[in-house]
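The following blocks contain the structures, represented as structure tokens.
Shared between the two complexes below is chain A, which pairs with chain B and chain C, respectively.
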Partner chain A sequence: MTDRSDRAPLIEMRDFRYTYLEGTPRASVAVRGVTLEIQHGERVGIVGPTQSGKSTIVDAFAHLLRLREGQVFYEGQDVAAPGYNRVALRRSVGIVFQRPDFQLLEDVVGKDVAFGPTTAGLPAEETRQRVEESLNAVGLDYKEFRLRYVHALSGGQKRRVAIAGVLAMRTPLLVLDEPMAGLDPRGRRELFELLMRLREQRDLTLVMCSSSLAETSLLCDRLIILQEGQIVIDGPVRDVLKETERLSGLGITLPEPVSCARELHQIFPDLPTDLLAEDELETELLVRLGARDA
Partner chain B sequence: MIVLDHVSFTYREGEPDAVPALRDLDLTIEPGQFVAVIGHNGSGKSTLVKLLTAVLYPPTEGEVRIEGIPVRHETRWEIRRRVSVVFQDPDDQLVMNRVGDDVAFGPENLGLPREEIAERVDFALGAMGLGELAERMLDDLSLGQKQRVAIAGALAMRPRFLILDEPTSLLPVAAAMSLIRVARDLNRREAMGVIHITHSMVEAALFDRVIVLDEGRMVLDGSPAEVFRHVDRLREIGLDVPLAASLAHRLRARGLPLEGDILTETDLREAIAALPRPMTVKKERPG
Partner chain C sequence: MLELQRNVIFGQFVDTGSPIHRLDARIKLLATMLLVVASFLVNDFPGFALLLPLVVLIQVVSRVPLPYVVRGSSFFLGFLAFILVFQVFFYPGEVPEPSVLWRWGFLSVSTEALRFAAILGLRVLLLYYVTTMLMLTTPLVDLTNGLELLFRPLQKIRVPVNELVLVVVIAIKFVPIFIAEMERLSRAYTARGVSFDEGGALTRARRLGRLLVPIVISGFRRADLLTTAMDTRCYQGGRNRTKLRQLHASSTDWLLLLVVAAWVLAAWLLPDRLGA
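Now for the complex of A and B:
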């Protein structure tokens, strides 16, 4: 990986291992030695089947787990070192958890989004501004939604409120754990568009966990593929998409153009699979079928 | 047989904020049919499920009948014995700590004799491939496994119809496909009707019949092949058309004579393999 500056990576993890319920009969190993670096401004997808260790790794970024084996550094500082300011760490690593119901703490939308800034001790006016900005950023009109009850929202809207709550904290790192799970196609498309807008913010580092490559391959520049708590592939998106056999062997859902191209390999062994869109596949097929735009 | 006889349902009927959820739905589902109902949120899918499981009754207009029994307050228990439902999130449905106990919960509430309960639990666990997990704690299971326990619980009620209310939307695709294979197997072996509610067209392609709802109306009804022919209409409604179907549509528009109904990637491969080659493809449609 190229070092872009003399700045330390935003996140560095060295040989991190984690076992849930360690020392009990129900112990289960979640992460078996993960070493990675995430640079400022990177957009990284952490992709693997369920129980491959994705959530455990991102929870460790914010030191939400007791770090026993391995080390996690935030901007070069060991987060488990004595005297390290954990509160400051959690105001730097914003995680949107898989189920928004576990994250939404207040009954009214505006109050929920204000929870972080208020707890951080920001003045009321600054908090109000951030709530307004964050709600508008996730496509929920501030005036229309600030007094709405959280429980009456759709799944997609709840997830957007959860994202707004994290955005209001202005964390340099935004982590989304399975953001698309449980959304219908319309909700997925809306959230996808929102994330496409967010990814353009230069100062934001984005990490997305998913069991599918469908959205991560479009939203991220780099993919880290996990299997049973270990990194098995790590590289730029298109390089990773070339490894179709390995990916589908791992039980990872391929993006539709990739999986379709893989199926058509029997006819066209030279058909590339590092395709991101239907248009790209159509063009490749037309070339092979003898048609070419004049 | 399930009959919806010109059924409409409006929430808060007669009030200024009334919301029509189903509009004049007229449809029959035969015993043992394997049906997918698709539509986006707000299309009326959930209201339909509530009407079929005697959670909402009676409809604002028309009548719902299950095996000839009209769905009403007095008949709700008879209806729920014939129709079982599995929800999106198994945590909303699982009540006990141990897998076997949870599956026994429904039959126990029917007041069945002990041997019959044991028999039904064995059957349901076996059918879902959960035999070895009977003694396990639910908290230790993955979401996909919990979803199977929820289905086993529904099966232990020995329903005539099993309604799967978006059980796949929280699952990774591979787990979703395996769940549908299990449902298909049950449908064949037990002649049990399955109604699968989903917003995935890829899943819907695996069913014998696809019903498309939009804004409370049935807009398409037929085999997957018949329904997926309406690529533009489906897009307009906001549903995702499988890429293979959409690509076939595009290639045909380019003049490629692809034969047959193309719903899946395998269909597309076979159709392309069957093209006469070498061939020249025109840029424009043949006039």
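Now for the complex of A and C:
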């Protein structure tokens, strides 16, 4: 039994469909049959334009929607089965919502980060330790920020507090829903560096939703591209980046090197587009320029 | 998961494009007022029985699905049932001994009390139904315009009609917003380890209490935003404001209003006449 659940994927969806306010005149279809598996330790980016069903999919991971049986599985077990321990599920799936204002429940930073551990009934000392550790991990000094009011923080700081609140739960799965939305360039860069650090330091399974490939392609190993509630591409980052035409047709922001390479295709038809960093593009260009000179 | 949006439809608008939706908003408002008055005037079962076909007609013609309306009223219906139980047990009027059906200490059930509670229930149901249908079939803008036009004569005696209508409309509009907000907040709590879908009824009700303070705070925040939005658009109580969409009441609309008026009169007066 344990052997089987060891091999089971962390998250599995089988033909997952979801309609908001189903059966009412105000119903709206969000997801139209998504099948996917996410393995332990994977880093997956779910990318698609707005209204493509990203948030609905990740909400289903933690059973935050009314689900039918046989659609969503956590470690091989149907989360919608009667008697399934949903409280335990939500202590294993940590979701950072799109808008931190929707997530922060307490007035003071320290109290908010402690919310999850306290609710889970952890002893005070361990809670305090986790709060300190989580705040430091997201780059907010524990002593300085512990007693700050949440409403007085900047957008980027609020998002960090939200992430710290989820980190303090020590969930094996961390889900970030549009973490870069609404941040200025500096906030984006700082958050990106923080996520890179988390990715290296912790043994986490990471799922990140975004409408842009810019950060996602660097943070994730695998990309799932969504359109109107269906998966259109699913594969390793570099394979997905080769499909530039399809991606830009979907209205997805491409990473800088990829869009550069796409522009340069008229001059260098053989220039690859599965480029993650500027220096990869530089190397490819130098090779071609050198070859032309020679 | 709390699915409040499904269970509370108060203040929502559902466009089915039915003839009722196309009626002039003023006519609908007047017809609603007539039916509201009827709910107070009609005082016996035959009267309500006479009104039933009208209600059925409204329901069918509006094409708003009945299960949606019933489900969307479940909170309200539960509350009403709760109140009516008390009405029966603590009936204030004089009760002749033969009509007492059951007694235990100071609690009693009598035919008078049952009749009283049933009539009261029907009154409240009718009141709720017609106002809900008015909102389900009328866009908020038309509702505002209609109310403003209907009450415009009061401006002559310095009643701030525009402002009052705005207050009413905002109050109605805030109900669905609050409901959505409650749902969103409960999701945030659920994601962070407080479940609203586990435990007994009492535990769940107690947990719901945790949402109250954040809801009120967000209400204030919204009100702040709304005043800023109104200021930036130079809102000044509709003075000298022209309307893009003018309301038009055709002769058919007026005829329909007449029919409703006649129906209400019949429901009020006929049972007495026939009885006498």
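Convention: the second predicted complex is superposed on the first by the 280 of 294 C-alpha atoms of A that agree within 3 Å, B and C clash if a C-alpha of one lies under 4 Å from a C-alpha of the other, contacts with A are read in each partner's own complex, and residues count from 1 in each chain.
Convention: a residue touches a chain if its C-beta (ideal position, glycine included) is under 8 Å from a C-beta of that chain, and two chains touch if they have at least 3 such contacts.
None of the values given here were measured: they were computed from a predicted structure.
S.K.: Under the stated touch criterion, which partner chain does A:I224 make contact with: chain B (first), chain C (second), both, or neither?
M.R.: Neither chain B nor chain C is touched by A:I224.
S.K.: Between chain B (first) and chain C (second), which, if any, makes contact with A:V240: first, second, both or neither?
M.R.: Once the two structures are laid over each other on A, A:V240 reaches no partner at all.
S.K.: Between chain B and chain C, point out the one touching more chain A residues.
M.R.: B
S.K.: Applying the document's definition of touch, where does A:R26 land relative to chain B and chain C: first, second, both, or neither?
M.R.: Touch status of A:R26: both partners.
S.K.: Figure out whether A:L10 sits in contact with chain B (first) or chain C (second), or with both, or with neither.
M.R.: A:L10: touches no partner chain.
S.K.: Can A:L89 be said to touch chain B (first), chain C (second), both, or neither?
M.R.: neither
S.K.: Counting only touches as set out at the top, which of chain B and chain C does A:M208 meet: first, second, both, neither?
M.R.: In the superposition, A:M208 contacts neither chain B nor chain C.
S.K.: So, A:L105: does it touch chain B (first), chain C (second), both, or neither?
M.R.: second
S.K.: Can you list the residues of chain A that touch chain B in one structure and chain C in the other?
M.R.: 26
S.K.: Which stretch or stretches of chain A touch chain C in the complex?
M.R.: Counting only chain A, the residues touching chain C are 21, 23-26, 59, 62-66, 86-87, 90-91, 95, 97, 102-103, 105, 115-116, 119-120, 165, 169.
S.K.: Please output the residues of chain B touching chain A within their complex, sorted ascending.
M.R.: So the residues of chain B in touch with chain A come to 40-41, 88, 140, 142-144, 169-170, 172-175, 199, 238-240, 242-244, 246-247, 250-251, 254, 256, 265-266, 268-269, 272-273, 275, 278-283.
S.K.: If we count contacts the way the header does, which residues on chain A are in touch with chain B in the complex?
M.R.: It is residues 26, 49-51, 154-156, 181-187, 211-212, 251, 253, 256-257, 259-260, 263-264, 266-267, 278, 281-282, 285-286, 289-291, 293-294 of chain A that touch chain B.
S.K.: Residue numbers of chain C touching chain A in their complex, please.
M.R.: These residues of chain C touch chain A: 1, 3, 5-6, 12, 14, 16, 64-65, 67-68, 71-72, 184-185, 187-195, 197-198, 214.
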